[in-house]
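You will see two complexes here that share subunit A, one where it goes with subunit B and one where it goes with subunit C.
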Partner chain A sequence: MSNEFIALAVPALLLFSAIFILLFGFSSHYTKNRGYFITLATLFIAFIISANGVGTKYSILILPDIFNSMVVYDTFSATFISLFLLGGFLTLAIAKSFVDKTNFFTHESFVLLLFSLFGMVVLTMANELLTAFIALEIASMSVYILVGLNKNSLKASEAFFKYLLLGSFSASFYLLGMMLIYAQAKSTNLDVIAEYILHTELHSQLLIIAGSMLIMITIMFKIAAVPFGAWVLDVYEGASLPITAYMAGVFKIAIFAFVLRLFLKDYITFDAIYDPLIIGGALVTMFVGSLLAVIQQSVKKMLAASSVVHSGYILIAFASIGEATSSAASAIMFYLFAYFISAIGAFGVLSYISKGSDKAINYDDLDGLAKTRPIIAAALTIFMLSLAGFPSTIGFIGKFYILTSAIEAGYTFLAFFGVLSAFVSIYYYFKVVMHLYFKEAGHVEVHYGYKVSLAFIVLSGVVVLWGGVGTSLLLDIPGINALNELSRYSIESLGF
Partner chain B sequence: MRDTLLLGILLLSPLVTASLIFLISLFFKNTKQTIYTLLALAGSGISAAIALYISYHSYFEKQIFSSHLFTWLNIGDFTIEVALKADALSSFMILFVAPVSFLIHIYATGYMSRDKSYGRFFAYFNLFIFFMFLLVLADNPIIMFIGWEGVGLTSYALIGFYFGDIQNTYAGNKAFIVNRVGDFGFLSALMLLFLSIPSGGFGFSNIFLSLAHIEPFTLSLIAFLLFVGAMGKSAQIPLFVWLPDAMAGPTPVSALIHAATMVTAGVYMVARFAPLYNMTPEVSLFIAYIGALSALFAALIATKQYDIKKILAYSTMSQLGFMFMALGVGAYSTALFHMFTHAFFKGLLFMAAGAIIVAFHHKQDIRDLRGIKFPKIFIMMAVASLTITAIPPFSAFFSKDAIMGALYASGHLELFAMAFVSSILTAFYMSRLMVVLFFNKGEQVAKESPKSMFYPMMLLTLLSVFAGLLNVPELFGGDLNFSHWLNLADKIYTIPHAKEWALMAVNTLFIALVIYNTYKKYAYTNAIIVEKNYGWVTNKFYIDEFYNKTVVAAIDKLSHFFEKTVSSFLIDEKINLTALAYLKLGKIVSMTENGNVRFYALYMLLGVVSGFVYLYWMLRSAV
Partner chain C sequence: MSVLSAIIFLPILTAIFLFFVNLHITLVKIVYMISTLVVAYLALNLYIDFDASSSMQFIEQHAWISQYGIEYHVGVDGVSLGIVMMNALLMPLVAIALYKQRDKRGYWINLLFVQGGIMGAVLALDLMLFYLFWELMLLPIFFMIGLFGYGKSNFISMKFNMYTIFGSLMMLISILYMAVEHKEQFGFYSFALDELKNITLTTTESLLVFSGFMIAFGIKIPIFPFHTWLSDTYRSAPMGIVIVMSALMAKLGTYAIWRFLFTLLNETSQELAPYFIWIGLFGLIYFGISAITQTHLKRMFALSSASHLSLIVVGFFIYNSYGLIGSSYFIVAHALSSAALFLMVAMMYERVQTYTIDSLGGIAKFAPLFALFFAFFALSIVGVPFTAGFVAEVLIILGAFEYDTLIGFFAATSLLIPMLFMFKTISKVLYGETNERTKNFQDLRSHELLAVIPLALLILAMGIFPNYFIKKIEPTAKAFVDKKEAVYHE
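This part shows the complex of A and B:
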């Protein structure tokens, strides 16, 4: 498959499939099951196609005559696209039981899911600020509505409105920032801006610096960094579990894909100016995030708060990007993968045992699960260990790379703080494990059914472990080395 | 590729079958025993076949099989590889470990056949072989340590196999804890090595190349600490106390783990580090003395034991002492050869003891088993006993005699004397055991052992008899094939043939005399009943009590002290305080999460403003 074909086929497939379901939804032949499986198949095929582009190093402009170098397809975007297509696929596959047991997953929900993925694909390939904005909004709009999918739940509607309001508010910063940059660089193309920065003095870059910071604020909002991410608890709580997983795991990857491109192409020259800001953001994010996570009673809210902490870890690597470019950038990629696979698994387990009910799952609801459902308990334990960064899970390797990149960049104190908040995170993650294994509960054995969901949960658990000890002993399954190589490759394809 | 495949399958087939058995026994309660049997035998059988193939090629074609699986850690310029290597020494190890394991597996299918935890037993058993292979095939000490710990773990699990009786669990704990002391030595040695080796890999060949750069004191310390590890695993003074208690496990376990394979890991390790020990003669001499003392001490205790398995356990410790003596004077391949023959005859002795125990309803006291009738077992056990007492031409005659020769030639006559006395004592306690069991009046008649138990024993009997032929000294027209194959850094001792003849003759004569006298004393008399069973020897020199009073009690006191002051006051309280403060702070911070969008927007604005204030402050001076 030629790379150009892949670059066009993946978004086209997502878009056409979305439109097809949109129309099919009105036909009398439509059932929820069919819609579900069409979406799942689309995601799978798109993933397979996209995975073909991973591996070799290249960078092409897609149809430059039409798109005028607004979109670029390189190993970097191919890797990220495959990553979140896989994420979308896994989320949906695990959510099978949840989808079946609830009545608000109408055909529009699948359409919206595909639209949001389409937006993310374009966002990842965007080489230009305006394209990126449109793509970001396509994805965000779809996610807003997905949050409020359950119209009967007051909480969901509230979350939807909050997210929409604040999201629009933050988007205005982006537009303002873009305007400022355009005023000075006379272009919104990342390469042109980079060229401009390279050839001018600092005093004629002031608007770009200010504009870039405004854009960064939108991004900080999207990744829920403190103080821009105050929405995260309410919204994650209000959204139904698969959607929360989708936002925490998949949506974040796409955002980071764009930020990483932005950073490596343009911001890197302003590294000295931005570093203190990012470091401050990382510290506050990790600290406040872990404070919030510690006091939560509901497991879902704890995971939401801890996702803030994980954004903080990634910000550590962003701060290190100027000094240790290649190791920090690949650390970010690796960490994103590590986090998404563990988070999707963890949320997946919650959605699996919630059986589609609206009720928040508290720690106490997990009591004695290890006795009645040992496999689910073991899987959840693995995900918790990985999120806490326990050795021999993929989460450990992810943190290890992030912290080494920080030390390499000379930010030892930042690495130290990262370790400290990882230490605190043991408290709230192991609380889950403690409730699973060491609390007696008289509750009766529940049959959850849905072997498919369970199978994918177990699969994620295996990936988490495999990524942590990864060997090429038996089969050529990519382990740590391969994933690390992959991220290094794709970073290099950006031309750095 | 071929090497990777062979070594990979050799290593992984027991692991895979162990996991399968484990899973099956976990999920399917009513599985037929046949399935477990098939899996267990397949796992050990495949690796035994490959092991024979590898050692065949190693012996005849001097091939080295090596396989680099993956890089485990890569820190700076230091890498730790997960690599396997079957050089001559490793091939030699698997040559007896794998087939003996296989035979004892077959035996165990008969021995354990009526046990309700049949599956669990074989899961552990197969897991044990996996770790044992990892230990002997590892190409660097770290992987070796994984195997080392793994065999310790499975040994622990198997000693406490009948956990219904709490005493067995205690025995398992004892073995585990005493071994931890040794492991601490091993681990410290590895860390010292890690620090001392400049750079490059941590593989054995690289370590040996770098030894010359290490200063002598550190080198001696490393050698000593490594040997502490060996003391624990191979039950030498002072870390031997676990071995007699380890007999609480099922008899196949005693045969495989606590006689033929695992306990020899210490000997293997010292031989593996032969280049190191050649550079530290004082540590080597220390090893020889520890070995001599252990041999003598254990042989002495064995003379006053009444439990079949305990007698054999002390005998194992004593024979290991012989091996360490040989290692200490630098006769590495001689020590290894004795280990080789020992695996056969000691495995056989335990299996015979197991057959007797099964046949006579779990009686183990030889006073209760006087004059049993069990002809087939008698013949095999007699062969094994004659072998261990080093009667020519059985295999141990060649191996033990070589050790005595080396000791004599090394000039350490005190070591030789201790070995000689131990050897005499060996003859005594073995013939005492045999005579009491079979040459007394008694009515107990056994029914036949199952075939699955009988045939492996028969094979081991043949091996006990003939294995010696593989390393015939030149005195008998041999050419020491094994020693040449192993090609270790042996010190070569030569003594005149006349002296060698004399040594051998005197030794054999004494042994024969002892056997005759023992027969006269115990055969068809009640000497065993009336002999005094109290005093220092019977009570194992009160070593257990001594340890309990000194080491254990001291540590106990110290732990209580730490528990009260350091742990609960200094650590727990402070940590709890921090955690509480954190929770309080969290409650305060969570007030910002009040659910009001206007507040959230305000936070964002605050963030934006502070960002711009920073930018202004930063750029004001720059522009």
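This part shows the complex of A and C:
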């Protein structure tokens, strides 16, 4: 398969499948199961196709004559696209019982899921600010609606409205910033802007600096960094669990993918100006996120708040990008892998045991799960350990890379704060483990449904462990080294 | 795969196997016994094959995370050999003594897991690998206290967990800092002990890095003032884990000081040694006096353990071959005695359902064998001649006198404190007035005898023929002291 084919086939497949379900949904042959499986199959096939593009180093402009160099397909985007598709697939596969037991997963919801994935795929390939904005809005709009899927739930409606309003508001900053950049650089193409920045003196590019700052506000909003992330708790709580998993595990990573490209291509020159801001942002994000996570009573909200802390860790690496470019950038990639699989697993377990009910899962609801469902409890424990950065899980390796890159860049104090918030995170993550194992069962044994969902949860758990210890000494399966190489190739394919 | 890897991973794999395969509890115990006996056999072979004329042996080395130079790198020398042997020996004996009391799968699975974790941490020569096992062995302890502990076990397991992880994270920062420094000075990442010791750090840097490590080790041991988790945790923890903590995990902390701090930051350690000697001496007295005031047997022995561990720390920090050999000998001797004593306490608890010293008394009248062994182990802890503890304490005190007369004097006199509470306990528990609880005290049963006799024999053997055991440590000590001389003459 040529790379160009992959780059075109994946978004096209997503788009056609979405439109197909949209039409098929009105036919009398449509059942929820069929819609579900068509979506799942689409994601799987698209994943298989896109996984072909991962591994070697390349970078091509897709049909530069038609698209005017707006989209670029490189190892970087190939890796991330595969990740999103896998994420969408896993979320949906784990959520089978949830989808079955609720009545708000209509055919539109599958369409929206596919559309949002389409948006993310284009977003990662976007080499140009306007394309990126459009892709970002396609993805965002779909996610807004997905949040409000459950029309009967007040919380979901509130979350939808809040997210929509704030999201659209923050998006306007992006437009303004883009305009300012265009006013000076006379282009929205990332390469052209980078060229311009490089050949112009720093003090005469005020518009670009201001514009980039405005774009950063939108980004900070989307990744829920403090102080722009006030929406995150309510929205994550209001959305139904599979959607929360999707937002935390996939959508956020898509944003980071774009930010990474933007940073490495353009922002890196302004490193000295932005570093203090990012460092401040990282510190505040970790601090407030930890505080929020500690006080939550519901596991879902705790995970939402802790996702803020994880954004903080990633910001540490962003701050280090200027001084330790390659190691910081690949640390971000690796951390995204790690967070992706752990978050999907953790939210997946919650959606698996909530069985489609609307109520928030409190710590008490997990009591005694280890006795009734030992495998699920063990899987959730593994995800918690990984999120907490406990050795032998992929989360630890991710933290290890981020902290190393921070020290390498000379920000030892930042690494120290990262470690401190990791210490606080031990409390709230181990609280889950404590409830799973040490409390007496408060509920009767229930049947949770599909073995397939369980299989995917276990699979994610195994991946988490393998990502933490995996080596070719034991089994010839890609382990830590391979993931490492993958992230390095991806970064190098951007020209670094 | 070398014998060391087998020793590390056999228990862990068995634990995983037992977790997934839902066997009957009797079978679980049998599998546990088989696994620990195989490990004990392997460790015994290791001991016999161990070449008494050289230091680091049985090295196994593979690339693990190659981009960062992290390796799977294990090896054994005279000091770690002692802990490996103790770990391998105590685990089956614990099961022999306690198998009737514990009927939960989780108990045995976690014990196996902790055995593997400790083996890994002792044998690791790569800092990342060490960190992995160091953290990993926490997990089973956390579960054991939470699942099988007494009192406010949830709170206590969480407190213990947070406390020790805080230390570990401080150590992590230090490790990463050293690795990055290594990269800057030599151009590539490495976490190997042999590589990292070559880097040069400024005084401030090395002090900070040293504190990072020391917080982690100090909490594990614990030395004053990081001991506030100690008595609650020991009181709440089930006996299997108390034995692991007092006999093995705490020793691992002292061992790690020697292995990592003295290797990586030799000069800083030597400069700071006087402070830690005084902290150690203070801890020896402070924990000893606290132990005198306790009425709860487990807490008392916990504090007495801490008091002796402070002595081990002193022994390492006096930095000469007497101190080193004495301390590593004491690690083994104290592991044997404290494990045995805690086993006796567990047997006693099974019979009288109490740990309070005041509600006991007159046991010797009904259970002469129990009284004999209890008294023997209690005396061996305080270092009565012909027991292993005596040899070790004499060596440490000799070393202390060689280092400084005042410190030698303090070390020697403060050893009287443990005698105070041990004799008090013996007289109160074994003799004293008989009461309702103790009047039906059953003497040791055969499986309990089977567990304690080997320990008693070993303690005697180590007390009477110390040379046979010390000769395995000597090359390591010599290499260590030579290195120290080299630093002095630079």
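As a convention for this text, the second predicted complex is superposed on the first by the 492 of 496 C-alpha atoms of A that agree within 3 Å, B and C clash if a C-alpha of one lies under 4 Å from a C-alpha of the other, contacts with A are read in each partner's own complex, and residues count from 1 in each chain.
We take it that contacts are C-beta pairs under 8 Å (C-beta built on N, C-alpha and C of every residue); 3 or more make two chains touch, one makes a residue touch a chain.
The structure presented is a predicted model; accordingly, all values stated were derived computationally and were not measured.
In the superposed model, A:P391 makes contact with subunit C only, not with subunit B.
When both complexes are overlaid on chain A, the residue A:E408 reaches subunit C alone and has no touch with subunit B.
Shared-chain residue A:D271: touches no atom of subunit B or subunit C. Of the two partner chains placed by superposition, only subunit B is touched by A:M213; subunit C is not. In the overlay built on the shared chain, the residue A:D365 is in contact with neither subunit B nor subunit C.
Using the contact criterion defined above for the overlaid structures, shared-chain residue A:Y427 touches subunit B and also reaches subunit C. Note: residues 427, 471, 473, 481 of subunit A belong to the subunit B contact set and to the subunit C contact set alike, using the contact criterion stated above.
Within the complex formed with subunit A, the subunit B residues making contact are 8, 69-71, 82, 579, 582-583, 585-587, 589-590, 592-593, 595, 597, 599-601, 603-604, 606-608, 611-612, 614-615, 618-619, 622-623.
Residue ranges of subunit C in contact with subunit A, taken from their complex: 19, 62-68, 72, 128, 131-132, 135-136, 139, 142-143, 146-147, 153-154, 157-158, 161-162, 165-166, 169-170, 172-173, 176-177, 179-180, 183. Per the touch definition, subunit A reaches subunit C in the complex via residues 374, 378, 385, 390-392, 397, 400, 403-404, 407-408, 412, 415-416, 419-420, 422-423, 426-427, 430-431, 433-434, 437-439, 469, 471, 473, 480-481, 484-485, 488.
Put simply, subunit A touches subunit B in their complex at residues 161-162, 165-166, 169-170, 173, 202-203, 206, 209-210, 213-214, 217, 220-221, 227-228, 230-231, 233-234, 273, 276-277, 288, 291-292, 294-295, 424, 427, 471-473, 479, 481.
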